[in-house]
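Read the structure below first, then the notes.
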């Protein structure tokens, strides 16, 4: 039982990180029909940029972090929207999706060539100790991840539901045409979702890198799990992405512990297929009508 | 004269909004039935429920007495039910002739014969005749996307007739078409109705068009049938005038 | 219809442009095959190998072009399907001693069947679910290839894959095998050419442009979508069946998810929806990096960047650029 609790906590911790990536993915999908196949690389890169800033400029860690994060949000939040999405969306959703695949290759190979092909340590802001709760030894890092991730998601929920700007953004996500008629600056709202996506990726990166290290290929698994989380939870719901992320994180952690380490990746994939077969609108999703 | 289509008690709700709320009507063979009603009265949703694009929450659709509720659009089409859409729906990258061949090819032969057989499925001539009939003969080889709006609208209608359907549902065929072409369109529809005995159901906003084309009119309001009768009867109905014509 | 047919008959047949361009495709295929038959003269073993590799990858890209370029479906498992074909052929020929031709057919059938099984549930929901299901499938195949050592040799892969013979001619030499690859590629490309110009091709394009309208015209969208995906996947299986004896050693790495992304980029670079596009795409993606060894791994970044720029400037890829250039030269109106 103690062991089970420890795995559960670990699963919730990684799940919360997947949820951050999945929420960003869903937001961007809702506002601009962008299926971002580079989402995993978005989470991989901030940590690499921070380490790169430290390595190149010999900057202290806080300055490195600041430079890395600012550069990332600027380039992959606003820049991504303006330089990739805007010129491409007029050709349709398909070319844009493929462009994000090209982007994922550029980010991954770029990180490998400019930084390192090997995994690098990323500093943790929390001591790597475990504490004992009811006999279960729980990692402080995992607890910190859960606290930070949920705080960020709570903040986002408050922003979306409780502020004027947030409500405008939500209206844009739900129906851009109506939002435009209501006088909401739709373009700026779409841009805002991209910036939020980049910021969420930064948080996810900072949380996951101390555990899984910073490596150019990390994005593959993170991206895959973010997609699965988004679909399992319900493609069109922020709440769904949260639930999906947690489910995928816990399933992954349990699979690694109790099924097989070499096939741990397969279990969430099976979950995905089961969801598509039985409840394609996702756990939290509503059935979408086919529209003409 | 038999009954071709029977729509009974169709309901359709989106979330909490009832778009169609218990509509019933029947269509007799050879008639041109108009469906009118103010914007948002559920006309297009009704069409989509009849044609399998949407599943009705309740009610049934019968074709020649056979229940076809919720049947897939492609299967329904191959039973001889054809349609046009409110928004333009041609294939812009294909030529005008290719658009028409596409509209007919699935009604001929089998999957195998469509693979090994002739490239045009033996439909080139028929397509050229059809496009000539709609007075677009000079444009057969042009890309459909390059046509004017009115021309595309005619092509759209021509595609609906390509396979020789017995029942055609037209969703705002006159929308955005200029007066000259409107005359052409009406005349063509009448000709097909007279010569082939094809039955029509037409949704339309253009009152002159509906009243002069249709033999019978159903008036919808707020998802329900408000009135039904010949154009003259409907025009004289005070309820209809109140709800719709008066505006 | 008794309506006057005079218009149709009187119409001037301006249709020359279309048939001539299609036959031009076939002529290019025949000429290309003839040139490639003799091309390796003086290129040496390695040069010949690169040419063969180009053709084999072109087959996989061709299949994906059918799925993506003609039918508008995103498949993220083309490399995985290719791996399925390659491992099936390698196992059947080296472990069971089966004849290559039988292994080739089985690889095609297997990938076709798996395509149907994957496509059915995904396409029932929405076309873009195919992307997610194939993404998952791609990862699963990769896990199996890497973990099931008893069958696939794990990360060490499978070696000593025999090359086929034709009638009684052994095809062990680089040149002989290259010529065999040329013939198989030509047959597969010609079959695709036939399919695209048949009513099937028209239905595929209708799916890409407007599935709802296509369905309302009697096009069985579910069947055609499944067929496009399954046939496209079978081409990957065929490519794998040639790839295994070509390189004579296979391991999981060329069949990963990133390779599937890479194949998609080749489709787009060459020109999606153009029959000859895949050859250009594979030339840019497979042959150029072999020739430009100095650039090393940077090539991948350069290639991906070029694809992104192409997507902005000319989504029809290099084929589209050539077409535009040709239209300018001859003064005709351009466009696909």
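Couple of notes before you dig in:
Here the chain labels run A, B and C in written order, and each chain numbers its own residues starting at 1.
We take it that a contact is a pair of C-beta atoms (placed from the backbone, for glycine too) under 8 Å apart; a residue touches a chain by one contact, two chains touch by 3 or more.
Every value quoted in this text rests on a predicted model; they were computed, and no experiment measured them.
Most remote chain with respect to subunit C, judged by CA-atom centres, is B. Of all chain pairs, the one linked by the largest number of contacting C-beta pairs is B-C.
Rounded to a whole number, the gap between the C-alpha centres of subunit A and subunit C is 33 angstrom. Work out the mean CA point of subunit A and of subunit B, and you get 46 Å between them. Each chain gets a centre from the mean of its Cα atoms; for subunit B and subunit C, those two points are 40 Å apart. The residues of subunit C that reach two or more other chains are 212, listed in rising order. Counting partner chains per residue, subunit A shows two or more touched chains at residues 292. Chain contacts: subunit B has residues 53, 85 touching two or more partner chains. Across the interface of their complex, subunit C is touched by residues 51, 53, 72-75, 77-78, 82-83, 85, 89-95, 97-98, 101-103, 105-107, 111, 114-117, 119, 121, 125, 127-133, 135, 137-138, 140-141, 143, 159, 162-164, 191-192, 195-196 of subunit B. Listed in rising order, the residues of subunit C touching subunit A in the complex are 68, 72, 74, 121-122, 124-126, 128-129, 131-133, 135-136, 139-140, 143, 146-147, 212, 257-258, 261-262, 264-265, 268, 297-298, 300-301, 304-305, 307-308, 311-312, 315. Taken in their complex, subunit C has these residues touching subunit B: 1-11, 13-15, 17-18, 195, 197-200, 202-203, 205-206, 209-210, 212-223, 335-336.
Per the touch definition, subunit A reaches subunit C in the complex via residues 35, 37, 84, 87-88, 91-99, 101-106, 108-110, 112-113, 220, 224, 227-228, 231, 262-263, 265-266, 269, 272-273, 276-277, 280, 292.
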